[in-house]
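Per-chain numbering from 1; labels A, B, C and D assigned in written order.
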Amino acid sequence: MSDKNEGLSKAREIYLNRSQRARELKAAGRRIVGYPCVYVPVEILTALDLVPFQTCGEMKEPISEASRVLPGSFCPVMRSCLDCALKGKHDFLDGMATIHSSDPQEKTARIWQSYTNYPYFHFIDMPITVRPEALEYFKNQLNDFGKTLEAFAGRKLSTDNLAEAVRSHNRQRGLVRELFELTKSSPPRISGTEIVQVVRALTSLPVLEGNDLLAEVIAEVRSRSNGPEKKSARLLIWGSTVDDADVMQVLEANANVVVNESCGGLRAYRGEVKLSNDLFEGLASYYLKEITCARTFRQASLGETKKDYARDLQSRFGHLQKMIKEWRINGVMMLLVRYCDPFAFEMPSLKDYLDSLGIPSTYIEYDYTAGSIAPLRTRVEAFVETLG
Amino acid sequence: MASEKRKKAINRLQSMYPLRAKVNETYLKSIEAIQAGKPAVWAMLNFYYGDPILKAMDIEVVYPENYGAIAAATGVARQFLDRADAEGFPTHLCGYSLTTLGYACRMMKDLKGQIPPEAPLGGMPKPLFLLSSAAICDARYKWFQALGRYMDVPVWPLESPTPGIREFFMEGYYDRMVKLGVQHLRDFVAFVERMVGRKMDWDKLEETANLMIEVNRVWHEVNELRKARPCPMHSRDFWSAMPAALFLAGDLQDSLKLYQDMYKEVKARVDSHTGAIAEEKYRVVFAELPPWHSLGFFDKLAERGWNFVVESFGYHPPIPIDLSKVSDPLERITRFSLQFFAGYYQDALKQKVLGGTSAYPYLKYVREWKCDGALLHPLISCRSASTHLPYVSDMLMHQLKVPSLIVEGDIVDLRLFNPDDALARAEPFEETMEHYRKMRREAGFNW
Amino acid sequence: MPIRGKSLMYFAGVDIGSTMTKVVMIDEAGDLVSAIKGPTGPEYRRLANEVMQRALEQAGLDIDQVSYIVATGYGRLRVPFADKQITELSCHARGVSSLFPTVRTAIDIGGQDAKCMKIRDGKLVTFVMNDKCAAGTGRFLEVTAATLGIKLEDMGELSLKATKKIQISNLCTIFAQQEIVALLSRGERVEDILAGLHDALASRVAALARRLNIEPDVVLTGGVAKNIGIVQAMKENLGCEVMVPEEPLLTGALGAALLAREAYMKATASGEKLSTKPRRLERATFFG
Amino acid sequence: MAWFMGIDIGSAYSKGVILKGLELVAWHIIISGANYRASAETIRAKLLEKSGLTWSDICGVVATGCGADNVHFAGQKASDVICTARGINSVFPRVRTVIDVACQATKVIQLNEVGIVTNFAVSEKCAAGGGRFIEVIANVLRVNLRDFAALAAKSKSPVTLATSCAVFGESEVITRISEGAPAEDIAAGANKALATRISSLVARLEPAQPCAVCGGGALNTTLVKSIETELNIKLLLPPQPQIISALGAAVMAVAAGNSQSNRRV
């Protein structure tokens, strides 16, 4: 092959050694603020010239430190995140920005704060509904977040800087969507595994560097001749977290994963923050309403006094219908991380919805450890065999 | 002989029985009313926030969380759990939620809305609407949302702000929580009015709110008396008496009187140095839900001199707060409900314990109730009641030199709690508590 | 030793499970020519070779006479001489329906997991699998047999002697085991514990199967199907008749062989050439 | 002359000792099996046989372990935690922390100079913190438990087993096998995984030294080494690590002294 895939190999390098760039920037005098969940509005960090770094879990790392402070039957992703932190893998961080996107996030955040002492630590509370009073409350939460960050960064948060940051991050969202456009063809021009590596790389880089990487990857992928081969099915993965290339490789064993609707994939990039004269309004509304994670309570109409199950499903899962059509999906894999309650409660209803669309689906569970990868393989391959 | 001794092991409060009787009586009344066709609502433990509204609107309420415990205790839970499994709900979800989902599926799919004959205590009829809450365990609103698969009834999820301890003290934070709470409650009242086709009787709400606050104030005072040595009231009496204050079960006017009687009895015991057990050797705090099915276990420990003097903050009344100046009953309710955890924040910040709502109160209790040890009871399928416990035991040890005994159990898989196992741990734990008693003295603690 | 002159083509299915390795060989007409079982150990490849060798000997064949080979099961990717890999679910479905043409639901309880398969015209339509966390697997029984100090194969008969059914917590293998220890120390009878145990496992698997609203005929396969106690408990928990193949361990390998045959026939019919692996049984192991 | 008996009926093995004063006269170990009462009987018979004593020579019997109730001839029952503490104290009086790696769970016990428990922790049910985990892996590897340590010792590069649940740990091991990982690396990996879990349990108590290890798991020399490396301390190993709890039970029988209530006929 003549293709060099420099952008992709760069992304893979960063994926394999996520903290390297952050350490370089730290050495160069930049300040790094970690965040464990895509619900943290990184725009505010960027606007204050702080480097956002998503603290992810590591499936291959056995949990030791975290098992002293968290029980076994607990979100394994957050256990793993905290374990890495307690083992000092994030020793380059100047602070942490945490958020109440779900109970495990909230509870882990507090324990994280108690067992570490970063110069900066903030916890953002987040409502569960999209009601007006909830949105108002959340907007004020983001205001407080901005205030504590200003104090930490020792500079004011100017409207221009924030607007600029919002633009940059919106551009990143746009580029990621463009990347996923490249999986609409058959065979896709880029594999789900490659995309996981790229997306994970983005969450460990300053936004502009991430955008450059994306631009490079998109350009080379467009013209590559060594893309993934056509496999017997085109799958959509739906779940809370699919951020490990090895897991994705197993999911792609005999199929093409063309949409990864999880927070290791498209989910955090599907919408855009509205640029209005009230930027915090825009941020609050984007993060509370636009990110389609199971953690937010959605219903057909606010405060409805009647329940219509079909309309209810549409309001909760409607966004998948469009994807299924546009990406010509012929199978959906509902991938649950064990002990992820918000998603676990969703399973039967989502299956009802997919059945109503006539799309075959299967529910697969893994516990975010290396040991759970192999059992995935048989389930995935068998599912694809039933599609063929 | 032994059984006789056992009966005497814990000196139960006489004033608890009429209170418990009243609660059971109103529970049965409510079932009769419901069976006679009066609309009922399924609600979750919502910590004084939604309950007073329902009470003022004279709506019958059933609590699936309590029902889950009943189903487990009566041994019928298994079939509902298997049914939920067959429906495709992951087996590691909260046992109470799976019980309810299996129950709803059976009732609505097999029996066209009829209450399953095997359901204990009259079962739970199809509700008018569902009231869920995000307080303490925020996955619960997904549980009631999932019920929509079986019942065409609307659900109202109550918001429950959960601030960080430092963040809570930022300028205007508390007021914003109140603003959210009041507006949210106002909309909820409108929703309830639409559902029942009646208007809210605001005078009744006023009265209900005030009674709720007063009942809980008295109940708080009763528990304050338990700081005395020997402790006059055992956790078993707390759990028996708790529903009237926590769920507002029963008539609040009656409850107030009965809690006042309880105060008198406990006060009398304090004055006469009468303990809840014969010989108080160890003062112990109990963490989270007790093993309802084998409470006899506490009698065995009582024989060994273990007095359970205080328990999880989650079931304790809020620390009293003066709300007499607050004119709007909705705001009074909101502030009271927020006080349930916010009441601890000032102190938590002083102690620099940022480990969160569920963890801090244990330090306060252990210090003020002068506990020698903590019995922590993590529940395999109830993450919210378990997650913070390792942290709690770590804090108790490092800040107060108080050891913890961890005994695992579950809320529906009752056999996971092994009393013999637990009792085998009691003896070495006594040696441990003795040891740390010395350590505390050396470190200058006063107990 | 049978002489196989009449058939020109032979097909093999190799099923490497977590505990047992099985090989089934069929001829052109799809008739069985050999079936061999052996334990799976840490040396998958060598055992695959050995079992294959024995199967060939039993069939009186040389490996070059085998036209197409399909590998299935946990170790399917570790069979160097296999031409194609297919999951055990599709293979069980195919194998079971060749033995019971009227089957609609197949339940396979293996050592690592339990599978329930919906079958239409011999093909796998949909399935559910649970892992051992739900205790719905053969390992559940193995561990218990170890705890009780009895032989796995005796469990079934023993459980039929039960006078009562002790309810066992069925959350997890580990918990169940701790519970059994407690029951033993309380002096409960082994028979009664086993009866409860079988019922616990059956109820877990039945609940799993119900996710696919079970239709008769129902067939139970996998090593556990040899346990009469389980078969009884499954009947009770499913509330319907349950059929069991004579050799429940072999349905996967049989299905693999049949799928090998079909794939090969289909290809030759359409004139395309299927790629096959070199027919060598090299003695390579992970250790040598 | 006064002889005392300690019986420990565990979920996997039953152990017993006879003490004369504090001197070990006889000890015996058998597989517990399904009938604990019978196991207790066998142990008693064997101990008397080995020591050449008769039942009437025994002045006191203390039983411990999950099957203690089945030792019908015991005068009293004692907690396994206390027995382990007293037992290790009688062997190593200076030891302040003992790690008891039993089949079902691991216990970390801190004790003072007279064997009184000062703190203890037991591994989480869900965390596969016991020797059973190794048994399961040995079974998958088709190696005898006795040879497991030796096999693990051969390993140059132990595999990393990330799963904390024994049940999934087994799946993970089977995967590694099918990926072609050598048995010795898997054995070593399993030891390392268990050692990691045990170490974080120990770390929970911030152990005082010197530190000893006992229970069936202590016979697994590579496991013990892994724990030593994890905690970066030296672990003392008693001669018969499996009988420490039974020994402690006997010590308690001695302490209870020569009174009729200390044994049942």
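The working rule: a residue touches a chain if its C-beta (ideal position, glycine included) is under 8 Å from a C-beta of that chain, and two chains touch if they have at least 3 such contacts.
These numbers come from a predicted model, not from an experiment.
Asks: What are the mutual neighbours of chain A and chain D in this structure?
Replies: Common contact partners of chain A and chain D, which must touch each of the two, are B, C.
Asks: Quick one: which chain's Cα centre is the longest way from chain D's?
Replies: Ranked by distance of C-alpha centres from chain D, the top chain is A.
Asks: Where is the C-beta contact count highest, in terms of which two chains?
Replies: A-B
Asks: Distance between chain A and chain C based on Cα centroids, please, to the nearest Å.
Replies: For chain A versus chain C, the centre distance works out to 39 Å.
Asks: Once you find the CA centre of chain A and the CA centre of chain B, what distance in Å lies between them?
Replies: From the centre of chain A to the centre of chain B is 35 Å.
Asks: Just the number, please: Cα centre separation of chain B and chain C in whole Å.
Replies: 48
Asks: Where in chain B do residues touch at least two different other chains?
Replies: Those would be 87-88, 92, 380-381, 394, 416, 421.
Asks: At which residue positions does chain C touch at least two other chains?
Replies: Touching at least two other chains: 74, 112, 131, 133, 175, 178, 182.
Asks: Residues of chain A that contact two or more other chains, please.
Replies: 68, 71, 73, 363, 365, 374-375
Asks: Could you classify the connectivity of these chains, where an edge means two chains touch, as line, ring, star, complete or other?
Replies: Contact pattern: complete, every chain touching every other.
Asks: Could you list, by residue number, the parts of chain D that touch chain C in their complex?
Replies: Chain D residues touching chain C: 9, 11, 31-37, 66-70, 104, 125-126, 128, 132, 135-136, 140-142, 165-168, 170-171, 174, 177-178, 180-183, 186.
Asks: Can you name the residues of chain D that touch chain B in the complex?
Replies: My answer: residues 66, 78-82, 85, 109, 112, 116-122, 124-126, 204.
Asks: If we count contacts the way the header does, which residues on chain B are in touch with chain C in the complex?
Replies: Residue list for chain B touching chain C: 75, 78, 82-83, 85-88, 91-92, 380-381, 410, 413, 415-416, 418, 420-421.
Asks: Sort out for me which residues of chain D touch chain A in the complex.
Replies: 124, 126-127, 160-165, 168-169, 171-172, 174-175, 178, 193, 196-197, 199-200, 203-204
Asks: Spell out the residues on chain C that touch chain D in their complex, using ranges where they run on.
Replies: The touching residues are 16, 18, 39, 41-42, 44, 74-75, 77-78, 112, 131-133, 139, 143, 146-150, 172-175, 177-178, 181-182, 184-187, 190, 286-287.
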